[in-house]
């Protein structure tokens, strides 16, 4: 099978509100898919379901054929799914470098959930426990150095190394968005979920972001699912797009197909005219 | 492998040497009579408060939880260790009381302290669980309630003296003993917070959901913070009981917990250095006021009660909260406490 | 059977006092999301104000002599307790809480702890008040009414009646008056309320005023019923009333009333069984509620949007 992430008949209720209804998704390995829909359509909720923040009322979610339902969010991260947030959730008073180093954290804990991951390079990290850190054993220092070096390498790649010692909250908005993506990447995911990464960016930054997403996909060989309101971004980089409204899938297909679908135009593009030019 | 597992950096050696230097200075001043025994006693109490403040800082400052019942853990440590040592003192009646204080006695004492710390850690582990579901103010109320419940329980156990308190505890704590244990506690907590595990704790404080979603098992780490914090508070309680030779339910009330909280806030949430300085400053202030206020009253021909000391303290707390953002140290540390390899990485130094 | 009934009455009486305190907690929490630790101290201030006022005015009304005008005296003392409690609450809000409105919520909570300590120690440090217990006068002569085998003091009736009256007035006020509607608007959505031209700070001030006044009345009633007052008398009832508010659903006015009566009755029965259980029951209730239904009996679940 080729499917990296698959959602089948996923339905989720908030009390009486059906936020996601019978949602299906087959995300092939290495794909770059888009998920769009008007405000309140249920997009973020789908991300929250995939990352284990909510448990779906019905349906199944599988990562490389293994069910991830009822797993804790951190376990799902260990299995290889990382995400960013619509409203930034940065570790504001820590340094940029520390934001990244935290993501590399779990590899030094004794996690049982790293077996299924595609990118194995992190599993040869030295493992340490609390005892090691209390006594600063050699073993521990080695692991720390490894974490730091990897984090710095990643920051160089993303071109945030010039600000790595700054306090994260002092960064401009565009860089914060980038930092959040880098932080997600640092967990070595197989699947990356991006929730409106272009929100609040100016056109120049949006151009950079599109390059970055392409770069990540090609360089890290990661499967990406993207929520975005900026049509330029979605139409420009996604290979395949799903459109939802009121939790229901109303259209899907290649960008051109979706853009010309009358239901989509009615439900979404029509209303969002201001944003999509 | 297996040659040299522990790594002690030069900077840490300097820190320890500096601290030991201060200890020698105090011993010297005490021997020459410049420091009275009363002053040494205040230093003892300050050092114990350092352990309390730093360990509470681990829970509140570094992990971003909100515990206001820290002395409950100290009470557990105090009663546990003191019960053991007094019991052993009783069952070895051949040895007169003073002779119990010899090397064997100290081994018993250290083991009793550790036991007190471990039992307190066990309670801390349990108290960590509500923190999984409750945030901020609710957690505060739970920890407050816990502290009061612990006190009520000791108040009602006759074996440990009930409302009279546990009396006749052998005086094992002295300046050197307290100093060494405080130093070790500070170093242990410093090593923890400057590690990947410490960063995991910090990330919970910064944004718990994001922390979980970069792979941190937040449940485990929150409970770990409470457990470790409680362990050290238990040790501090044990030291204190063997210094004052009494463990009394009123010693561990809400008020003392708040005093420790003030130390943490005054020193800076997330700064070990700040907690150390604040613990000394506020302990000396407190003792200073205790002697100064009645003297001031004599001058003005009125009686100034001890309550005024608490008035000053509460005003201090309000002022700190109203005018602070970064009080003493903010989140910074003195250079000697920052590991060399971390020097540039955080905003610590 | 009659002790059962007797305890029930005592429980309702205690519950009435808790309710008056709990309402302030819940209203303030509903509007500014602050657990006002100092709220129990407004209760204490109310008790001392009543005490002072009684001794200042008592002779004027011939207290202790036949034919004294107890009703007017009682109402005056009641008004004094209300004013004192309300004044203290408004002052605390202006001086200590208002400057921290935009800061993290825990800052105000810690400040509230400071305010609480300050009030308690300041009162016990003042020579005129001092740290020790004082007996509370019978502002209204106590009489015992017998119902069957149970005996009821008129204080039970006074406590319940005063509390019930105030609760009815409050409910009507919140439901129908302009201020009450504004209070509800602010507690639901501050930003929207501001856009509608509501002066948020005024409404917060009014909330503190009402909450403090109610706590003051509770102080008077508590003084009458358990005739001993001291500067730290607010700590425990304050904490228990807070727990009652959480039990009912913090932020919810009927919830606070319901929670308080449950709390008062449960505590009375628990105390009758064993004093240790009596001491611990409040915290036991708190822990159970927070673990099983943290939003309380009548509270609604709120979710943070992610």
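The letters A, B and C name the chains in turn, as written, and every chain counts its residues from 1.
In this section, a residue touches a chain if its C-beta (ideal position, glycine included) is under 8 Å from a C-beta of that chain, and two chains touch if they have at least 3 such contacts.
Since this is a predicted model, take the numbers as computed values, not measurements.
Asker: Kindly indicate the chain pair that has more C-beta pairs in contact than all others.
Answerer: Highest contact count belongs to chains A-B.
Asker: Hey, which chain ends up farthest from subunit A, C-alpha centres compared?
Answerer: Between subunit A and every other chain, the largest centroid distance is to C.
Asker: Report the inter-centroid distance (CA atoms only) between subunit A and subunit C in whole Å.
Answerer: 49
Asker: Hey, how far is the Cα centre of subunit B from the one of subunit C, in Å?
Answerer: Distance between chain centres: 35 Å.
Asker: Distance-wise, how many Å sit between the C-alpha centres of subunit A and subunit B, to the nearest whole number?
Answerer: Chain centres of subunit A and subunit B, defined by C-alpha means, are spaced 41 Å apart.
Asker: Which subunit B residues touch at least two other chains?
Answerer: Touching at least two other chains: 209.
Asker: Of all residues in subunit C, which are in touch with two or more distinct other chains?
Answerer: Residue numbers touching two or more other chains: 306.
Asker: By the touch rule stated above, which residues of subunit A touch at least two different other chains?
Answerer: Counting only residues that touch two or more other chains, subunit A contributes 53, 85.
Asker: In the complex, go through subunit B and note every residue touching subunit C.
Answerer: Checking each residue of subunit B against subunit C gives 66, 68, 130, 133-134, 136-138, 140-142, 144-146, 148-149, 152, 156, 209, 255, 258, 261, 265, 302-303, 305, 307-308, 310-311, 313-315, 317-318, 321-322.
Asker: Taking the complex as given, what residues does subunit B use to touch subunit A?
Answerer: Subunit B reaches subunit A through residues 4-9, 188, 191-192, 195-200, 202-203, 206-207, 209-219, 224, 331, 339, 341, 344-347.
Asker: Once bound in the complex, which stretches of subunit A touch subunit B?
Answerer: Contact set of subunit A toward subunit B: 51, 53, 72-74, 77-78, 82-83, 85, 89-95, 97-98, 101-106, 108-109, 128, 130, 132-141, 143-145, 147-148, 165, 167, 183-184, 186-187.
Asker: Enumerate the contact residues on subunit C facing subunit B in the complex.
Answerer: Residue positions touching the partner: 34-35, 96, 99-100, 105-111, 113-118, 121-122, 124-125, 127, 131, 239, 242-243, 246, 276, 279-280, 283, 286-287, 290-291, 294, 306.
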